[in-house]
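Okay, got some structures for you below.
You will see subunit A twice below: alongside subunit B first, and alongside subunit C after that.
Entry: the complex of A and B
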């Protein structure tokens, strides 16, 4: 069976499980890379150009880790998934950057299409379109579309992508967290759900007894409504999600919000300022943390601990 | 009224540059404070501090021990601390005790600097310097060394300046070359030193204090608060009065002693190992665990050749030593 390597990085956390369903339906064997680790990260940093952001470096690390284990790598080229807004240009150049990293290892490219989360048959890699009949492809896409809806339903119930993926691929349904206290976590999905680069922030917050609410818990329609307050539309799809989620979290009565941003991310340099202003207006405690490859654990955990203390002391004072 | 016979609380702040210890009475007052240079060896400096206080205090009952600072985990494990807290919370708590009305805390230590904003007696926001240590005590130490001054006289020299020169403070490497340039141009030592103080303050306000609203009363604490030149530079830049509290250098240690007291009001006995630990043989091993691709950097601590604590692993298996040692 042909093994297709899928890097567990970037928008894998949105689309990865769906790609797996689709490929399996066609009788191919999808192989997802193991979670990020130190060795993988180091390899990615070495393979990337200097100006690449940390998540892109992580992505390249995953492609290198898969290289010897699969026949062909599946690399997405995401340009725009909604009308009039865009995914960062670095995502556009992923196939080229991957070629630089993996040399002549075969890759196939999955293109995004406007107004369509998964893409139609036209978006599929050339090799798949030629290798299978139209009927097979149609059937596969229908299955994938169903899986996509099921996956997002699970995320909106409060499951993490890694948990939702297990359920989707046949695992038992976990009951979502029931903690009374809620904290918001915003950022790009690949910053929030890669527990290596963020030193397991979600795990840490859960151990402190918080239910963690992230952008993936809200529907695109809910987010859309919140964007109405902006003087002009935001160009980047992911920035829109961050901004919209932040406003929704305020309404959900979270005690505070932690924003994980990626070092050297251009769009986040702008959206970060917008969020800070919004936090001031809404009076919500906000902690912004930059993720970089130097994994300075001490400073990172110190800030989260201090932030939780701040929330705890504030709460205690308001109870008295 | 509680007296010293009721027992004391200990607070230890293990920073990158200094190690501080306070002995606090049950009513929250500082009975004794020690300020030592860490000199790259947190264990040895803490042991030294305990040897210093042991003759005066080892008869007293220790009700609780708190540890803060960048070395808090290591030292907390060695002392058997009841509370291990980050330095931001500790500094905030001490500042509120020193000045209940405080709204802004400026704290500059050896390698890090922070700002804490307080409203109605509770911290509402904070900031901390990132990886760069340009606006901190280490930077001043280095420049004092280059000017052949002791750090103690630095502040008073700055106060004598008539016309502080403008020095680039964004990066300590640039600041150094800029400072040498000003020396070669013939500016007086006083003006250069004062210029350095102003550069550090600008750097602090533009990095750590970026976007934060600074409202009086303002407390300035941390080791660098000893420097009158920096205090003056802050007042000049902010146009507001800046107060240096009495125990400015040991506020972190005091804060964590207060936190230990808070904690102990609800729980039982202290886990403190005792004052004799100043004399014990304490060793640390560190290694890269190769059991999985995470390659965690693991630390284990031995006291008198018996393993007492371990950490650093993401999977939790090295933390088991802790449970075995106490259980």
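Entry: the complex of A and C
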């Protein structure tokens, strides 16, 4: 059976199930890379140019880890997933950047451009389209789309991508976290759910008894409404989600918001400024943390703990 | 209205002409200097790219000079430039400046914003005068860009480099003042004469030719890239660059009249980068391929720190470099870059190119002999 490697990085946290279900349906065996680790990250850092952002370095690390284990690598070229929006220039050149890292290892490109949606047959890699009949592909895509809907439904119920994937593919039963106190966590999905690069922030917050609210728990329609306040529409889909979620979180009466951004991330440099201003206007405690490959656990955890102390203090004072 | 605008190389010449011609008063910010860097870096988000910071510094200095409005261009992504103006407006308003933002959005963006800006710009003069002003500005930048190309060609070939630089300065000053379209060509001819008088007699060995590619702002603004072209010229290197303000305008503003720019970019970059990556990422690869095909001696890529499209291009340059045996130097510039470090790297690179050329020549002689 042909093994197809899917790197567990970047927008895998959104589209991983689509790819896995579709490939399984066609009789291929998808192979997802192991969660990020120290060795993998180091390999990625070495392969990437110095100026690249942390998520791209992580992605390259995953491709290198998969290289020897799979026959073909599946690399997404996500130019745009909504009309008039983009993801980020680095997503557009991802197959080329990967080619530089892995050499002549075979690559398949799954694209999502302005004129073809992610779930359409046009988005598929050329090799798949030629190797399988139209009927097979149609059937596979239909299955994948169903799985994708179910996955999104699970996310919106408050499950994390890792848990939702387990429920979807493994059939395990998990119920969302129930807790009185809520804290918002915003950032790009690949910063929030990669528990190695953010040093398991979600786990830490849960241990402190917080219910964590992330951008993936809201529907695109809810977010669309919140974007109306901007003078000019944002043209980065992920940034739209961050900004919209931040405003939604304010309405949901969370105690505070933690913003995880990646070092050298382009859009976030500008969005951070918008969010800071919004936080000042709305009077919501905000902690912005930059992630990079040198993040040390002690410094990171101290800052989050200090922020939680602050929230506790605020809560005590408001109770009195 | 008193209007200010961001600096980008020679851009101030046509923009000043245009604003004055439309019956407004141009208030150019002082040429980008150390204070601009400091102001920009102080008030900008830390991770923003260098052009954002310098633009912001320019605006602050322009507003200090008494400007009432800012003319700025917009965009539709995915490069961050498209969202510059909104964030800059927010920062300037927080700093307490009162001004009107005239945002020239491209046609694909919000039409209303563009319509409003154009309406304000055209309110002072009748239409025929506005058209004349536009024509003068357009012709001016085309001639200025041509003069600049001539200067780059002549600097490494001149007897007295100071004299060449002085002639060029005189040419720019005359162009800045000129109000008649027909006179523009005369100034250019005068420059050509001065430069010709000062030219060294042709020898068998032409100077080393290096192409400059990268992010347009960093390539075109000498005060930010440490006068890269001047430095190379003084080292006896001919600087080739196809990127210029008039070329940019042809490609992005008048793309329907000049489609060949886009076709050329797509054609040249296809084997290495199949998709557009925003900004000048794809152009960088295309120009590099062009340099390789035309057997130039080397390529220098200039980009601001954290520039997204250029980082994609930078990741791919090793492949292009290997295919065409083309040496490449990548210079990443931010507000902390220093001239000495830049000089060292340039000198080392030029030495390398010289040695490569000599060795190649001797090899050629060996093969022939």
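In this section, the second predicted complex is superposed on the first by the 315 of 320 C-alpha atoms of A that agree within 3 Å, B and C clash if a C-alpha of one lies under 4 Å from a C-alpha of the other, contacts with A are read in each partner's own complex, and residues count from 1 in each chain.
Here, contacts are C-beta pairs under 8 Å (C-beta built on N, C-alpha and C of every residue); 3 or more make two chains touch, one makes a residue touch a chain.
Just so you know, these numbers come straight off a predicted model, no measurement behind them.
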> Put the two structures on top of each other at subunit A: do subunit B and subunit C fit, or clash?
Replying inline: fit
> Touch check for A:87: first (subunit B), second (subunit C), both, or neither?
Replying inline: second
> Taking the superposition as given, does A:200 touch the first partner, subunit B, the second, subunit C, both, or neither?
Replying inline: first
>> Contact-wise, after the overlay, does A:148 reach subunit B, subunit C, both or neither (first, second, both, neither)?
In response: neither
> If you stack the two complexes on chain A, which partner ends up touching A:48: first (subunit B), second (subunit C), both, or neither?
Replying inline: second
> On subunit A, which partner's contacts cover more residues, subunit B's or subunit C's?
Replying inline: C
> Closest Cα approach between subunit B and subunit C after superposing, in Å?
Replying inline: 7
> Residues of subunit C touching subunit A in their complex?
Replying inline: 45-49, 74, 76-80, 82-83, 86-87, 89-91, 94, 109-110, 113, 272-279, 281, 303, 305-309, 311-316, 318-319, 332
>> Please output the residues of subunit B touching subunit A within their complex, sorted ascending.
In response: 70, 85-89, 112, 120-126, 128, 130-131, 211, 292-295, 314
>> Residue numbers of subunit A touching subunit C in their complex, please.
In response: 48-49, 51-53, 77, 79, 84-90, 92-93, 95-97, 99-100, 113, 230-236, 263-270, 272-274, 277
>> If we count contacts the way the header does, which residues on subunit A are in touch with subunit B in the complex?
In response: 34, 37-40, 196, 200, 276, 285-286, 290, 294, 296, 298-299, 302-303, 305-307, 309-310, 313-314, 317
